[in-house]
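Each structure below appears as structure tokens.
The two complexes that follow have chain A in common; it is paired with chain B in the first and with chain C in the second.
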Partner chain A sequence: TAGIRIFRFGPCQVSLSMTEIRAGFNAIKANIQARDPIRTLSILSYPHSLHKVQSSDRCCITHQLFDFYVEKVFKHCQTEDSSINRKISSIANSFLSVKRNLGQCREQNKCTCGQESSEKLKQILENYEGLNVTSAAIKSLGELDILLDWME
Partner chain B sequence: SGELSCSLPNPRNVHFESVNMKNVLHWSAPAGTGDGVLYKVKYSVYGVGKWIRKPECKNINRTWCDLSSETSDYEEQYYASVKAFLHGMCSDWVETTRFNPLTDTKIDPPMVSVSSTEKSISIILTAPGKWKKSPEEESISLLQVYPGLQYNVSVLNKKTKKRWFFSISNSTLVVPWLEPGTTYCVSARIRVTTPLLYSRFSKEYCIATLKDK
Partner chain C sequence: EDAVLPAPQNISILSTNMKHFLTWSPVIIQGETVRYSVEFQGEYEREYANESWIPTCECSLITATVCNITEDISATVAYNLRVRTVVGARRSEWGTLKGFFNRITTSLTPPLTKVIADGYHLLVELEDMGPAFQFCVLYWKKGQEDRMQQKVVKEVGSVVHLDTMEAGPDYCVKAQTYVEAINRSSNFSQTQCVRAQGGTSMWL
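For the complex of A and B:
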């Protein structure tokens, strides 16, 4: 399929339909971000940007982030707009398969987790739990491009 | 002190217009206000608490404000906001949507230079540079910003009107097996796969292959 990107994290390799996900996100971005009135907090980037993450932990953090989105974000992002919901579930399905592939890498010890990844995940969860679930999920979904930009 | 009443209609269509990451805030005057409206501008980095005023855009009567310098870190995302003033009245602050310089900028076409031999033409393409504060500042090519950047090149035989399309990642292309003494016209555009960004096609650059000796 057009727009399939192969991401290599050392011995671990996963493919992701990045163009499809980006297109899906662009279609819902304005709607979802408009539902998030909180400018002063970013789930993914506060207090430190994802871009500061050391490369050695990228695989583990990527897996943790995909797990976070599958388990804590997509399922809490139901809107009253069915077309928005369809786009969200399409993105969720793409994330689910990548989460599984990265999970297999971790089982095969191809995706090591260091202190930095656990600290980063802890920070993200703290930011997430600082809001009510729906607000936190919508804000996280509105930040999907931050994750995609960082991955690329 | 003259307390301002904020009953003035709001500025409209407040949005960023961005080309090669030169990020300029634009808006339209409030409906029905005519001349004399002044504006203030502030901006904020998404996820960071405070709004920051833009002094160079305080009490201005134009309807744009260059925030390129303030939004030059493309790993961040931004909001900007505008407030209008007229005859002791003011409007509300009106915000943009969240602005992501990486995905929300437009890209200019590449620069194209062509040369020819008897049976081939050589094309050199140069991606535009990211906006920079001053000419002395080091140039950053958009190629560095978008590693997946590619060029779509169109080559037209002016005589036969036959056209070829090429998609290349590096910046040089040699088109062989051409007809001597014939004019070919080249045009190119930039394509970034993700985030999906296209430039316009450049204008056409025509060159004739050398005549047979």
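For the complex of A and C:
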């Protein structure tokens, strides 16, 4: 089916068309990763993998990451290939829905942020700003499955 | 100087069972082949990408006046849609759909169902409506509507086995679709009743 996943972070619950997003990402993954020459660096996983995050901060980090992709990443990933751009648009619009739902959880204090999440986000932003914006955005997009795997 | 190309008019959306089509009235220009191009803009593009527009997957320089935008409408957000006329190198102004389109408004029709009594087995065959669809099937012994049973069918493949029937009473079945992506269901299909008859299939 369309593969809606309901993600529960304590009192916060958001639904996400995971299958649609993964299908969109898998269709562009090879092309996007081929545009990323810097294989030795990671935006999401350096120095520590997302998997080390404490469960109490998962909701906040998820919201911060969706916010990061919507606000910073997707807009700098335009390519000369309109089919790639269409898939990116599809993912970006799905991320926007989830970002909004998580934002409502934060407003209702159902998605609290601890020190760990702010440190993790700070590290990701440092990794991101250590590269020129297009390279950083393309690398981040190429690592989207790291986020999706961590969420699942 | 070339006359200005008229933009397409009467632009509208036909959306049924998560299949979305943009339609418009034809532009007639004597002696010319008139073509059309369609673009879409999601909420993300409006808010974060300078209100940019994206060419649709299937409808660049087409001659038809209908465009399948299902592939492009792939998130549950509000989309803008527009179409323009193209004759040779000449382009019209864009004709834009009045209002947004969100796939959550698609109309959902009851599924085609075929209820089969195969000996004492109550079976149902469901229409394959695509990966976005699940089915909720209700079945009961006629006269015992208060003891209705339900089966959720997530993958439509072969025939679905519902129950083993007793000889004699009629067994009734109806089904509805459910689309997780928009969290909506269709109305129920017509009720169909069958009865077990020894080893032979029996319709009522």
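Here, the second predicted complex is superposed on the first by the 151 of 152 C-alpha atoms of A that agree within 3 Å, B and C clash if a C-alpha of one lies under 4 Å from a C-alpha of the other, contacts with A are read in each partner's own complex, and residues count from 1 in each chain.
Quick note on the criterion: a contact is a pair of C-beta atoms (placed from the backbone, for glycine too) under 8 Å apart; a residue touches a chain by one contact, two chains touch by 3 or more.
Since the model is a prediction, treat every value here as computed from it, not as a measurement.
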item: Overlay on chain A: chain C relative to chain B, clash or fit; value: fit
item: Partner chain in contact with A:Q54 - chain B first, chain C second, else both or neither; value: neither
item: Contacts of A:Q104 with chain B and chain C, given as first, second, both or neither; value: neither
item: Degrees between the directions from chain A toward chain B and toward chain C, using C-alpha centres, nearest 10; value: 80
item: Touching partner for A:T134 - first (chain B), second (chain C), both, neither; value: neither
item: Chain B versus chain C as contact partner of A:D145, first or second or both or neither; value: first
item: Touched partner set for A:S82, first chain B, second chain C, both or neither; value: second
item: Smallest separation of CA atoms, chain C relative to chain B, angstrom; value: 6
item: Intersection of chain A interface sets (partners chain B, chain C); value: 3, 19
item: Complex interface listing, chain B residues touching chain A; value: 44, 46-49, 75-77, 79, 97-98, 100, 102-103, 147-148, 193-196
item: In the complex with chain B, residue positions of chain A that touch it; value: 3, 5, 18-19, 22-23, 26, 29-30, 33-34, 39-42, 45-46, 49, 51, 142, 145-146, 148-149, 152
item: Parts of chain A lying in touch with chain C, wherever the complex brings them together; value: 1-4, 15, 17, 19-20, 24, 70-71, 74-75, 82-83, 85-86, 89-90, 92-97
item: Sites on chain C touched by chain A in the complex; value: 42-45, 47-49, 54-57, 71-72, 74-77, 131-134, 154-155, 179-181, 183
